[in-house]
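Each chain gets a letter, A, B and C, in the order it is written, and its residues are counted from 1.
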Amino acid sequence: MGQPAGPAAREGTRIAFPEVAVTLRVNGASTHLALDTRVTLLDALREHLALTGTKKGCDQGACGACTVLVDGRRVLSCLMLAVTCEGREVVTIEGLSEDLAVRPLQEAFVRHDALQCGYCTPGQIVSAVALLAEGRAESDEDVREFMSGNICRCGAYPNIVAAIRDVASGSTDALV
Amino acid sequence: MTVVERGNLVGVAVDRVDGPLKAAGAARYPSDFMPDDLAHAVLVQSTIAAGRIRRIETGPARAAPGVLTVITHENTPRLGRGPDPVFAPPPPLQDDRILHHGQHIAVVVAETPEEATAAARLVEVDYERTEPLLDLDDPRAEQVHDPGARDLSRGNARRALASAQVLIDVTYSTAAETNNPMGLFTTVATWDGDALTVHDSTQWPVFVRATLAAAFGVPQDGIRVLAPFVGGAFGSGLRVWPHVVLAALAARQVDRPVKLVLNRAQMFTSVGYRPPTVQRLRIGATHTGELVALEHEGVEPVAMEDDYAESLTTASALLYACPDVSARLRQVRLNVACPTWMRGPGEGPGVHALECALDELADRIGVDPLDLRLRNYSEVNPQTGKPWTTNALRECYERGAERFGWSRRNPEPRSTRDGRMLVGYGMASAFYHYVQNPCQVRATLFGDGSAYVRSAATDIGTGTYTVMTQVAAEVLGLPVDRVRFDLGDTEMPPATRQGGSGLTAALGSAVHNACRELVRSVLDLVRDDAHSALRGCGPDDVSVDDGRIIRTDDPSRGETFAEILARRGLAELTADGSSERREDLDGEPGVFSAKFAEVHVDPDLGVVRVVRVVAAVDGARILNEKTATSQIIGGTVGGIGMALLERTESDPGTGRIANATFGDYLVPVCADVPHVDVVFVGERDAANPIGVKGIAEIAIVGVAPAIANAVFHATGRRIRSLPITLEKLL
Amino acid sequence: MRSFDYSRATAVGEAVATVAADPAAAFLAGGTTQVDLMKDGVLAPARLVDITRLPLRYVHHGQDAVHVGALTSMEELAADPVVAQRLPVMREALLLGASVQLRNMATMGGNLLQRTRCRYFRDLTCPCNKREPGTGCAALQGVHRMHAVLGTSEHCIATHASDVAVALVALDAVVHVQGPEGERAIPLTDFYLLPREEPNRENVLRHGELITSIEVPLLPANARSVYLKVRDRTSYEFALSSAAVALVVRDGVIREARVGLGGVATVPWRAGGAEDVLRGARAGAEVFQSAAQAAVQGAIPHRDNAFKIELAKRTVVRALQTVSDKAS
């Protein structure tokens, strides 16, 4: 919804970068930050709040490693400007890890060996928590389709599907 | 699902010991480290493929907010090259020449990533362009024959081909692929005088240390490289790429810790890739399918002033009995970034061409593809005549075919349908020649009877943490949860690289030897101890179980580790162990597999979907059924990508990578991957004391040709270039 | 990314006034295109006006149409029961686009305005007429397997990437916008501009105009529709070719037909010629072939994307068959 940059995009940057005061509510706790407007939610979490569980895999909205929940929905934090998250409820893998209801899913990931290098895993788990809440884990086929926004280069997909289905067929309601 | 073939061949399916940490998002990868006072470096890369920098204007970038420095070839000191050019590329920013598009030409260091990224766009470069060499067929390009001295031949293939009853003469091409691990390669460097601490995305920490020492002319002792977790690599972390040196250089220049994270586009140009190949195969055979001659000529690009060698064609000389063979590789020096190892390097694309060509032969003479392989089965290494250490390829064929239901295959192409979809069955053999390099391990037993074992290796997702814990626990007779295995720190004893499927055998042997040495050291403590039931026992006289050493001749007599250490007043006891490269083996180590794939092809739209894969693998002893199965599944996913999706594309004329994003370079997603049925066969391998072979590469080798052959079976169309995209089937 | 000022709008009029007053200002909604292109340096607004808190997030059900607030997310719209029942082609197009994460972020207004995935457009080091008119089109000689065969010019062959816009253009959707000079309604078929001398102008919006809602007329209750998407990967990929098709078939005769094409054109493509062939004809393989041929009338292939003409035809035929099977 912007305009094409044209030559303007190559002009020199301004001297003072606009900083804005942002209150981010992450995993139930509020933090006041002064942020460069350009800081993405992903970088705010990692670089400013030291919540490094959320990973940067592409920074282009194409891999899902940076998946977090905002107001209960799974989104890509690399394409969200932090400043736009004022007043939103952000939940990351760190927050989910404190949630007893999510533990069965994490345990299922370990039990089914649904992770290898582990880099995409936080995004996979956040995404899977949302998937279960969305009611989209009723079949292997659904899980495959609706987890396709999370790339795993190690290729753990069949085990990821098995882990999620295991939880879905058991104690799904614990996660919702 | 995995089948336990026999007794203790397949080890206990212990859960990944680092699994809970990873599932909690608490495993710390290089980019997760943030030393105090951290500055951020961003690379600027060449936008031409050949020429020189006439002028590089850094003034606007330097003037931009937050910028600390801009490093170019004009202000970079002479940097030394690492000790082994195979693993250490030429150091960066040493002159004004441009050898490939995407070459690093500057580093911008700023207070924040946003400032560094914005300022990097302000660096202005005036290039003097020359015409780049970008085409494998360019007659001006320098040819490199037999890189790495891996060509193999026997007999006279050319002559034998001329008189063969049946001749297959086909050319296959495979696409350039980019490793693209999920973790963006990151280096965090902190200097303290001449001492340097580095967190790095690497598969070989001790070689990073050696290379940085050489680059800056500082002692290795002062350099510490850490890589406890790496977000995948698939070969791209085997070399110490220029950005690693540049991060350390930037930190030195600004005298602050510096973090350099490659962006996804830079992951395509900065850390290697699988080279594209063109491969001509000429196969001579009898009417009944007996191979009489085989000639495999491969061509691939290599960088102008950097080298890379792979075994593209060697498997063609090693997989089948055939009297006259010539397997050769030629490289062409082009203005491209240097290729590197990517999972199943060489054999991945090489076996693809071989196994597809054999499928063509089978079709030509009307022999079942699996029968064709069995008719040319070689019990020994056909090149040397020596036996393999172990070889269960025949069992791979049998068990794989049985589980897949190969006998149900209608030999007629385009004969089987499932509703509208064309159904195809395909198979391929697979081979990988792994090597075992030296490793050192230190093992400590504590007074409470627990153990700590460590080595400066890595676990890039393979399960090293887990299987080494298991090996140590086995030798020390301890439960797995009483053993901690640690890695990824050069303060630990040196380990070889995690590559070429060699680490498990090499490191596992060293873990085995260190732990055995530790048991011996414990026995030494009581050698002359009149109070000990173990007095005078050596390691061969005892066994260990649940922390207790017991006499083999009288299992009722023994003592626990804890008792012995306590009596001696020792808080801990440490022993070292190592493993060497084995040159003294009776046989030669090789890993074997047979892959079977079923595809469905939409006859109108050309869309191919893999609906199931069976992988039968001779990996000798499998230490951990769970992590080993994951390795094979992961390689299969990589093979699906290679067969159907992955292709790094370059612009004609500039060599610019045209699809350097995860939206444009397609790797398989969850919906692309079907059920993968893994079966392990074979027996313990005598090449090492733990009885294993390496399985990381064999996991991908043979997958693409099994799929391509299935596509032929489904459609009757032989697609000789990868990836098999739908337009080739329209 | 170039630095920018940020403000959050609380009313539509205020947002419009702010952006209209500043030529370097832009609206920010879901951000999936905007932020991505700002990172690449392709977009460099000096001011972003965050419109995500405006009251434009709704799906209203009218007698003959659904009215979709511009800030409704793709996932929200796909979950609407009336959409599922009366506009399945739109629902399918929504759910075949991107990933759940992106569909949660991306707004319907933003979806219509999403920019091309052409890598040359997105790389400042390449000439691109869409980014900087007059600099040339690198895609013509470059890697262009994904590029368009319909609606192209010698200036630009970039593909419009949206799925749902293809369904919407076939459904005769109307875009409601508010600008500094008031409100207007624009049929989606008149909304997009083909790339001629100024490929940077992709639609008829003037600076400061904001999409407030999309009006989607319901299909007749007896219509059958489908969105068929063909791509390399099974999921999470843009279309190589897609077809949005809706038919009303009575007594074997096609009474009403809608055909939209995606993945092959520079704008969401309404294949009026195909509809003319279909309307009044008896449903069957032959007429579907003729319609497909008409749908790609005027297509211009380039070195690596000629297959898209044949693929688009086969996509249309398959979609028509599928709908026809449903209808009978």
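By definition in this document, a contact is a pair of C-beta atoms (placed from the backbone, for glycine too) under 8 Å apart; a residue touches a chain by one contact, two chains touch by 3 or more.
If you're wondering where the values come from, they're calculated on a predicted model, not measured in any experiment.
Across the two candidate interfaces, B-C and A-B, the one carrying more C-beta contacts is A-B. With centres defined by CA atoms alone, the chain at the far end from chain B is C. Computed from the mean C-alpha positions, the centre of chain A lies at a distance of 29 Å from the centre of chain B. Computed from the mean C-alpha positions, the centre of chain B lies at a distance of 42 Å from the centre of chain C. For chain C, residues that reach two or more other chains under the stated contact definition are 1-3, 41, 124, 234-236.
Among the residues of chain B, those touching two or more other chains are numbered 114, 118, 121, 661, 663, 668-671. Annotation for chain A: residues touching 2 or more other chains are 10, 13-14, 17, 36, 38, 59-61, 144-145, 148-150. Those residues of chain C lying in contact with chain A across their complex are 1-6, 8, 23-24, 26-29, 31-39, 41-45, 48, 50, 52, 75, 98-102, 104-105, 109-110, 113, 124, 130-132, 200, 207, 234-236.
Those residues of chain A that touch chain C in the shared complex are 1-10, 13-14, 17-18, 20, 36-38, 40, 59-61, 64, 67, 73-76, 79-81, 83-84, 86, 127, 130-131, 134, 144-146, 148-150.
For chain A in complex with chain B, the residues that touch the partner chain are 10, 12-17, 36, 38-39, 43, 46-47, 50, 52-63, 65, 92-94, 97, 106-107, 109-111, 113, 115-122, 125, 143-145, 147-161. Residue ranges of chain B in contact with chain A, taken from their complex: 15-16, 18-29, 31-32, 34, 60, 63-66, 112-115, 118-119, 121-122, 180-184, 229-232, 234, 261, 263-264, 460-463, 626-627, 629-630, 633-638, 661-663, 667-671, 673-676.
Partner chain B is touched in their complex by these residues of chain C: 1-3, 41, 117, 119, 123-126, 138, 141-143, 145-146, 230, 232-238, 240, 307, 310-311, 314-315, 317-318.
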